[in-house]
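Next come two complexes, and both contain subunit A; in the first it sits with subunit B, in the second with subunit C.
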Partner chain A sequence: MKKLTYFPGCSAHGTSEEFDSTLKMVLKTLEVQLEEIPDWNCCGATSAHVMTENLAYALPMRNLVLAERLENDTIGIACASCYQRMKVTKVHLDANPELARRINSTIVEEGTYEGKTAVKSMLQFAYEDIGLEMIKSKVTKPLTGLKVACYYGCLLTRPKDITQFDSPEYPMSMDRICEALGATATEFDYKTECCGASFSISNTEVVENLSGKILEMAQESGAHAIVVACPLCQSNLDMRQPDIEKHSGKKYGLPVFYITQLMALAFGYPAGELRFPKHIVPVEGALSNIGKVVPAPEKVKKPTKAVEAESEDN
Partner chain B sequence: MITLGSQGKNTFLAAVNAKSGSNVLECYQCGKCVSTCPVSHFMDFPPREIMQMIKLGLKNEAYMANSHWFCLTCSACSGRCPREIDIPAVMEAVRHLAIEENYVNDSKKVKEIRKFHEIFLDMVKRYGRNYELRMMAEFNIRTRNLFKDMHLAPKALLKGKIPLGVKPLKSAKAIKRMYEVAERLEKKK
Partner chain C sequence: MARVGVFVCFCGANIADFVDVPQVVEEVKRIKEVKYAIEYKYMCSDPGQAMIRDAIVQHRLTSVVVAACSPRMHEKTFRKALSDAGMNPYLLEVANIREHSSWVHQKDKKAATEKAMDLCRMAVAKSIANEQLHEISVPVTKRALVIGGGIAGIQAALDIADARIPVVLVEKSPSIGGKMAQLDETFPTLDCSQCILTPKMVDVASHPYIELIPYSEVIELQGFVGNYVARIRKKASYVNFKTCTGCGACWQKCPVKVPNEYNCKLDKRKAIYTPFPQAVPNKPVIDAEHCTMLTKGKCGICSKVCEKGSIDYTMQDEVIEREIGAVVVATGYDLWDPKPYEEYGVGRFKDIITSLEFERMVSANGPTNGVPVRPSDGKVPKNVVFIKCIGSRDEAKGIEYCSKICCMYTTKHTILLHHKVHDSHAYVFYMDIRAAGKGYEEFVKKAQVDTAATYLRGRVSKIYKKGDKLMVRGEDAQLGQVVEVEADLVVLATAVTAPKDNPELARLLGISYDKYGYLSEAHPKLRPVETAKAGIFLAGCTQAPKDIPETVSQASACAAKVCGLFAGDTMKKDPMISTVNTEYCSGCQNCVKVCPYGAIVTDEVPQGHGSKEMRTVAKINEGVCQGCGSCVAICRSMAISLAGFTDPQIINEIVSI
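And now, the complex of A and B:
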């Protein structure tokens, strides 16, 4: 059994409680034991780094120091924003001992930062440390027939130097996991576009504009639903969807699942335990596609030999 | 007189470079950041123009632009910048300098964005964690916009999306101390 230090983040006890609870189910099936960082604090995302440099490092650093006491190799972080702040802090502190020393003076009692624990998003942990084979082996109810647009947002794979995971432009890790569950991942060009994230409360107009484009492209890709691994993306795309539809006059009706909800479903957990009633956009329509026989895609006739250019001297 | 390319005389450029760890002089104004930026159409000046302002030492213009407040730090621009400038870090440097030097952009939008961040940090200082409902309520009260998003509230509450409870962490004291030391460090700089 693998052991993993766990940082849930504030929204795990609020808007993304279903991410936290389904994540725990899924990791139990995948034989990973979670150890939550005791007395963890808010990582400061996104306000701390907007306003001040010291707090932007100090808040995540306290969690990193507390995590080191647990002596696991890796911290798995559910929320993409928290992941980004913790990873940025780790990369910068590791590269700059003077900065580490200065920031450490804000949290003397917690201890000294050593930088010995790796920081990963739960998506990265599932993809790299658990692996597709293991995930596939636990599937008892494949999601065949369900077409999903995998939306990564900005923070899981960017900036590349910080995350050191997957592609910053067209990542595929979540797509591969969905395929391992039996679902079909659509070709979706907006998978790393920003949803407006932290402007959800203070600048709703921007969020509706950006999230609207993502919904539009997901629908165009032929998806029945969107899959995410970030609480901010989920709430922007799900909770704001009725308003976006009202203001744009278009109908999307795309439920926004956490990847862990789909994993739990495919692993055979009853749908009743997966907190679907918490979704603003109803999920039943999309889920009814599971098990339906998918018609084979029309084969495009490929020319058997290269088409010769018309000769000009006819 | 404006002198381009001379870091010695352009103290603004030097300050931004030092804070961001990037060299803004590398920017050759291709505009890739502008076409990539998801919020450039909301900005007074798109990222490319902010870069040029820094190169020209136009400090006031850069500080007073809303651009660095609208930057979402999504890092799409820096991933595509052919000169590999960390544009979000540059935006952040401009914003931090503007805050340190007490420049206030009092347009409604910027005031709201700034108020949101202040409420967020205040909440973390008090409780050690962030409580979404409480934050939304405080934001509405402190921006005198009581009914914003109220149409979402019944559904969100009913579905248990937003919990009501607020209780400080065991570590709330440690967080308060962290804030105090961080503030002292900020002043010492």
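And now, the complex of A and C:
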């Protein structure tokens, strides 16, 4: 049994409660034991790092120091924003011992930061530490027939120097996981575009505009649904969808799943346990595609003529 | 008894402001061998040199010390002054009290003065042990090696050969012509590239003074200026060039198709091929990687159809040697791979191509017969977006420098597009338009009017697919707006980069290269074609990105340098070289191992006077020795001595302070 230190973040107990609960189901199947950081605190997003340097580092650092006491190799973080703050802090502190000493002095009663625990998003953990083979081996109800657009948002793979995971512009890890589950990942050029993030509250029009384009491109790619691994992406694309449809006059009807919900579904958990009623956009339409036989595109057979040396790039 | 004269220079204020020059003069006068000492404002000036000449005669000096700037600056000047006074020029010593004292100790005049005194004492002591030395004459091999057969190498080879100096031109691919042979038309005059290049290629092949060695690489260079030996590996072509007539039966019948490098892999060539119809030499080679006869032993069709029996599957690589006196390096450039531009979907979208691919498409002899098409569906594009500075001026993904030619060839591409597809429209995303050059700005202006191309100042941030179109999103910085252009085809002006083999080539030639891999010139302004190694010159993009006119000018400059080098029958060389005292030499050969120039060989001498028993000793090749002194330091028996830096000279220096 693999052990993983867990940092749920505040949204896991609220808006993304279904991410948290399905994540726990999935990891149980994948033989990973979660150990939640005791007495964890807010990561500081998004106010701390625009206000003071000390607070921006000290809040995540306290979590990192507490996590080190658990002595696991890795911290898995559900929320993309929490992941971002924790990873930025880790990369900067590790590269700059003087900074680490200075910030550590403000939380000295919690212990000394050593930098020995890796910080990963749950997506990265699933892709790198669990691996596609393991995921595939647990699939009992493949999602064949379901076409999904994998949406990564801005924080899971960017900036490259901080995340050090997947491509910053056209990531494929979530696409590969969806394919391992039996689903089809569509070619989706908007997978790292901005959804509008926290403007959802202060300037909803911006979010409707940006998220609207993402929905439009997802629909154009032929997807039945969007898959995400970030609570804020999920809430913007799902919760704002009816308003976007109303204001643009277009109809999308694209449910927005957490990757863990689809994993749980493919691992055989009953749909009733996956908290689908929490979604604004109904999921049933999309899920009805599972199991439908997709006719394979007919291949034009080439006449087998003389030896031909084809190069890969042609 | 030695009679030393010391001449201390003020160098205007350079030395005098931080070193008390009169005090230095007073101090050196106290040394008993110093018979004359004087200061002057500028020792290197004519009156300064006259003071030295007069003093040598009047005071019957046996050696001279000039305390002034670095010997790199004026050692030659002062040596000549000694010669003019009838004195052996190597009896001069320079005490560098400028770079080594006044410039670096500006905050402490007292200490700088003391250090200057020490430097003078050392020079005086050393000069007492100086011996008369004489320049060495080295014979010159009057043959030049040109590496690379693009337009730079072609021009250099022709200019040198026209001066009746034999040239060996080595080209790594099967034909000369280089990148210019791939171009359709050239800016700013829209001359047909092939039409102006191929006559020169033919001239190379038929020139009595040029030996063209295609499909070959230089693998070693030994020796020194005027006397190099180059080893050249001729790659096995599997075709006997002597009997082959270039009839083409072999490549017509060859069943193996391979992506065609000449057409940027947009179409196929055969496994036995000439790169393009105007190739020089117009003889095919077999691509050993893809030929099924060579990989699997199956086929043999080309051998069967060849009437001359020129195909030889057993051919091996061959290494040949050429004695040469000078080298022109003209290895050209590579193009940057735009893969890091993931936000553009490079590699995912077939309808994003590079400028050279576009160039091949619009070429009459190109893969699409001169009409640009979309690689995805073969349709002729209407809206074409050109994006400049792909990799250039991009610290994050590419390189910092400007590739210099992209602004101009992109302008040319908008014209060619307009010519080939009349109802097309070009959009150009640019950072700046850099059109410095004769007729360049006019060319850009005229193209903008004639083609009505839309120029958008700003960077492209994303390309995505919508239906079968590519949506190009960028900034129009002049409007301060984000714009989206619907494109059928996107052309990326990728950066010019140094050939990837340059670092390895630089190592084998013993020359330096910069952080990008471009070969380094000796001086960025005043010696732009020379390298730091005597007798090796640079032409074309291997030194930095440049256009055709500049490349040709530099190649001709190289030719002038080579001709100048070969003007005399011998070359003069400084006599500061090592000699071996065979009496002391134990034959350990440690010196052979440390010599960076390969100047030390072994020799046999009799064990003793009249003895028939022989023993091994070291022997210095005086033409090759550069006087670095490594052998002197490693020699355990103190058998090696470096002229001008003998043990008595060095010990005198040490004892004097």
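Here is the rule we go by: the second predicted complex is superposed on the first by the 297 of 314 C-alpha atoms of A that agree within 3 Å, B and C clash if a C-alpha of one lies under 4 Å from a C-alpha of the other, contacts with A are read in each partner's own complex, and residues count from 1 in each chain.
Throughout what follows, a contact is a pair of C-beta atoms (placed from the backbone, for glycine too) under 8 Å apart; a residue touches a chain by one contact, two chains touch by 3 or more.
Owing to the predicted nature of the structure, the values given are computational and were not obtained by experimental measurement.
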Kindly classify A:V91 by the partners it touches after superposition: subunit B alone (first), subunit C alone (second), both, or neither?
neither
After lining up the shared chain so the two structures overlap, which partner does A:L132 touch, if you call subunit B first and subunit C second: first, second, both or neither?
neither
For A:E110, select first, second, both or neither according to whether it touches subunit B, subunit C, the two together, or no partner.
first
Touching A:Y170, do we find subunit B (first), subunit C (second), both, or neither?
second
Is A:L70 touching the first partner subunit B, the second partner subunit C, both, or neither of them?
neither
Which partner, subunit B or subunit C, is in contact with more residues of subunit A?
B
Should A:M217 be classified as contacting the first partner (subunit B), the second (subunit C), both, or neither?
second
Contacts for A:L34 in the overlay, against subunit B (first) and subunit C (second): which applies, first, second, both or neither?
neither
Touched partner set for A:N54, first subunit B, second subunit C, both or neither:
first
Common interface residues of subunit A - those touching subunit B in one complex and subunit C in the other:
168-169, 193
If we count contacts the way the header does, which residues on subunit A are in touch with subunit B in the complex?
10-11, 13-15, 17, 39, 41-42, 44, 46-55, 58-59, 62, 102, 105-107, 109-110, 154-155, 158-160, 168-169, 192-194, 196-199, 201-204, 206, 210, 235, 239, 243, 277-280
In the complex, subunit B touches subunit A at residues 38-39, 42, 70, 72-76, 78-79, 86, 88, 92, 95-96, 99, 109, 112-113, 115-118, 120-121, 124, 128-133, 135-136, 139, 148-149, 152, 155-156, 159-163, 169-171, 174-175, 177-179, 181-183, 185-186
Under the definition above, what is the set of subunit A residues touching subunit C in their complex?
167-170, 187, 189-190, 193, 217, 220, 306-309, 311, 313-314
Name, in rising order, each residue of subunit C that touches subunit A in their complex.
255-259, 265, 271, 290, 292, 299, 342-343, 345, 348, 462, 464-466
